[in-house]
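Each structure below appears as structure tokens.
Each of the next two complexes has subunit A plus one more chain, namely subunit B in the first and subunit C in the second.
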Partner chain A sequence: MTTNYKTSISNFDITVGEPAVDSLGSGRQIPTESHSSKAAESAITREPRSTTSVLPDAVAANWGKISKARLTKQMYGNIVRVATQSRGMAPAVTAASLGNFLEFWMRIRNAAVEPEVVLAPDGTLYAEWYKSKHQRLDVRFTVNKAIFGLFAGSSILEGAERPETVANLLKQHAAKPLQWAAD
Partner chain B sequence: MGSGLKLPAFALRRELARYVSEGDRLRGNRTAIAAFLDPPPIDPAKEYLSVNSLEVETLAQIADYYRLRFQNGAGDVAICSIKVFDFNEAGKKCGVDLQYDRSNSSWNFVGRGLKREGAYKYRPVLSSKDHQSESHCGVEFVRVLDTYNKGKLARRLGGRRFHVVKARRR
Partner chain C sequence: MASRKKIPKNARLPSAPLAEVVFELRWALHQGPAPGSIMNFDPMLIPLLHNFSAAMEEAKFSHSVDLAHPLQTGPYGVVRRYLKNPESPFPIMQVGAGIFATNESAQYEWKTYKAQILEGIKLLVNSYPTSFGFSLQPNYLELRYIDVFDKTVLRSSDFFRFTETGTSLKFNLPQFLENHQIFWGEAAGRFLFQRSLRGKKESLFRVELASAQSSATKENIVQLESKVTTAGVGVPVFRNTRSFVAEISKWLEFAHGVTSPFFKGFILPDVMTKFKRP
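Take a look at the complex of A and B:
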């Protein structure tokens, strides 16, 4: 089954169910996801349409994780946008930060809606969930830690921990902050 | 200082404006937390958070400066304006020792050398040929914050809705 997805960021044809070719042109096949309809919507295995398309460094460095992360095309597009963004003299997103975010996402994706992602001036990636002025969650991915802040009504929870610890904490939180989305 | 410049008093109810880049504009016209972070400084002793005072210039004038400075003179500009009171409260919650000095009507904080310094400083940009800003100021107390607490400060400032100042049609 072949479904053509075109994002506004890149001109890649997305093929589900067929082995994809590494977009860097090495010929290496990328493992594909299952063939369920949900996976068909969300799994991205990509075959470059144009050999002149160049992936941002952080995306290329994390291609294995991206192929496993079951991102929607919108989420993938947001990540590529952040990865190609620069803030003046500040660096683009680091491969380490993106990698940590992807690993975090794989731990929480079954219990979460997709966050908005933003680039911080030091090249780290922020993910934000928002429901209301007093219901906000942000997680920032540094080399070794996930730095998070949760405003849940009148309570505030902030900290810096290993990404897997933060993932478990947020999945178990009674306010279900990973499912927050603005109405 | 140039003659005729209006000096900001940084009164609690007055607002300080911060530019919101395209990447920091979230759904619902909300400002991302990252909009309140600046790149790591070359000299930490001189670090401050750049803002513009609405006591000195209007939103439209500040938007003109941001448009020239960050957007090659084109496009709508997004600005998040926050009261000095809210900057103070956010700073205090991040451990900044902020106090009001009645003798000279200013806010100050304990700096790295344990000396009291002005929490807000008027820093007009007048010498640049291309990017002049009479309302440019600095939130000075950020320089006593470590990375974690800078993030805490930004978290408390972010999330607010930004104003969109449309580019004028010529």
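Take a look at the complex of A and C:
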């Protein structure tokens, strides 16, 4: 029998030894303490827990990458805000999409300005670099790929590749799209 | 109120395992319709929301998010969250049926966070309606830290390899459980420690270290939750704002005086160094 324990940072199922979901679950119960001195020595009892932890699942799942990505406070705030947006019963941004974006960001950050991050209806993350209506780069991060569209003047470049391949391609592009920002 | 350091927007996020820190204060609710009922409620909740929201506005927590209708929120459920602005997810103040909480994330710094807690409590107790026959009786305090570790900072998020290489907690597993002819993949695990604290009545220190997996990414992480809680007679009695805030301040130093040295002694310095590496 699987017992779902959850720690307060996220709604991960701490089902020991079994895969779990990273979406909000119901029926959360974790063992918590009873405070009488005798009870503290006895079995830990369960009680309903409060909903005071606010960090989104996807952010928690990618905390190591977030720590290493050297994000600014502003960009971190944007990511958490996007990750908290509601998509009905589904989780906001998926952990996989956010993870791929962070991997991508760590590869390009020395050659890029911070993009606008937006949530797509399917839970994937969009990053956008925009300078003008003829100079725009969108990159969407799915589970395995980065899907990009680059409008640079009269030329259009689109593709879907692994995030590291897209990162290298964009870093080397003559138009320097990763440095585009609205004036 | 102690001034909060203003951190510019382009300041980098500190690189550390701390993902979230939460302070909670709860108070006694009015009993529901029958003994043992789960429908305990706070009859002052709606006027409290009105008063506290005005106070939050003045304190520059001017953006609020309603999580639930106050009449449809169960005991100790959060009704409303307050942010400084919609772009900044932290710090947060929260209030609900018998509960106040305030959170910080990666930018946590103790003195600033403590000041944030005390400011929130002062505004809460000053917002709580009086003279209606139901008074504020705090009955629970909690200071909780959540740290997250994954393969980004450790080679493996296998639970037992993490404890062996990243913490001062050691397990001596039976040989059978390490037999690669019988088992494969990373081992998951959960360690729970709880003990009464000296110095404050009805106070506990609790550590929960557990592995978790995302079904989307198939990646494992290890989460560490460490907290100090005080309940019942250990919680300061509310008589007036000034003395209550002073007592909470002492409690916070007591709680932090447990959680901080615990963390420093529990996570090995090598792990913290890995967080700092680019």
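One rule holds in what follows: the second predicted complex is superposed on the first by the 125 of 183 C-alpha atoms of A that agree within 3 Å, B and C clash if a C-alpha of one lies under 4 Å from a C-alpha of the other, contacts with A are read in each partner's own complex, and residues count from 1 in each chain.
Throughout what follows, a residue touches a chain if its C-beta (ideal position, glycine included) is under 8 Å from a C-beta of that chain, and two chains touch if they have at least 3 such contacts.
The structure displayed is predicted, hence computed values, not measured ones.
Once the two complexes are laid over each other on the shared chain, residue contacts for A:Val143 go to subunit C alone; subunit B is not touched.
Once chain A of one complex is fitted onto chain A of the other, the partner contacts of A:Glu161 are absent, as it touches neither subunit B nor subunit C. Comparing subunit C and subunit B on the residues of subunit A they touch gives the larger count to C.
In the superposed model, A:Asn78 lies in contact with subunit C only, and not with subunit B. With both structures placed on the common chain, the touch criterion links A:Ala96 to subunit C but leaves subunit B unconnected.
Using the contact criterion defined above for the overlaid structures, shared-chain residue A:Val54 touches subunit C, although it does not reach subunit B. Within the superposed three-chain model, A:Trp63 lies in touch with subunit C and out of touch with subunit B [touch as defined at top]. Across the superposed pair, subunit B and subunit C both touch subunit A at residues 81. Here subunit A touches subunit C in the complex through residues 5, 7-10, 12-14, 16-22, 31, 33, 35-37, 40, 44, 48, 50-55, 57, 59-68, 70-74, 76-78, 80-81, 84, 94-96, 99, 143, going by the rule given at the top.
Listing the residues of subunit C that touch subunit A in their complex gives 7-13, 15-17, 19-20, 22, 24, 26, 67, 74-78, 81, 86-90, 92, 94, 96, 99, 101, 103, 105-107, 144, 146, 148-153, 187-190, 192, 194-196, 202-204, 206, 208, 210-219, 221, 223, 225, 229-232, 234, 275, 277-278. Listing the residues of subunit B that touch subunit A in their complex gives 21, 23-24, 26-28, 30, 32-34, 37-40, 148, 151-152, 155, 158-159. By the touch criterion stated above, subunit A contacts subunit B in their complex at residues 81-82, 85, 87-90, 116, 118-122, 126, 128, 130, 133, 136, 138, 140, 147, 149, 158, 160, 182.
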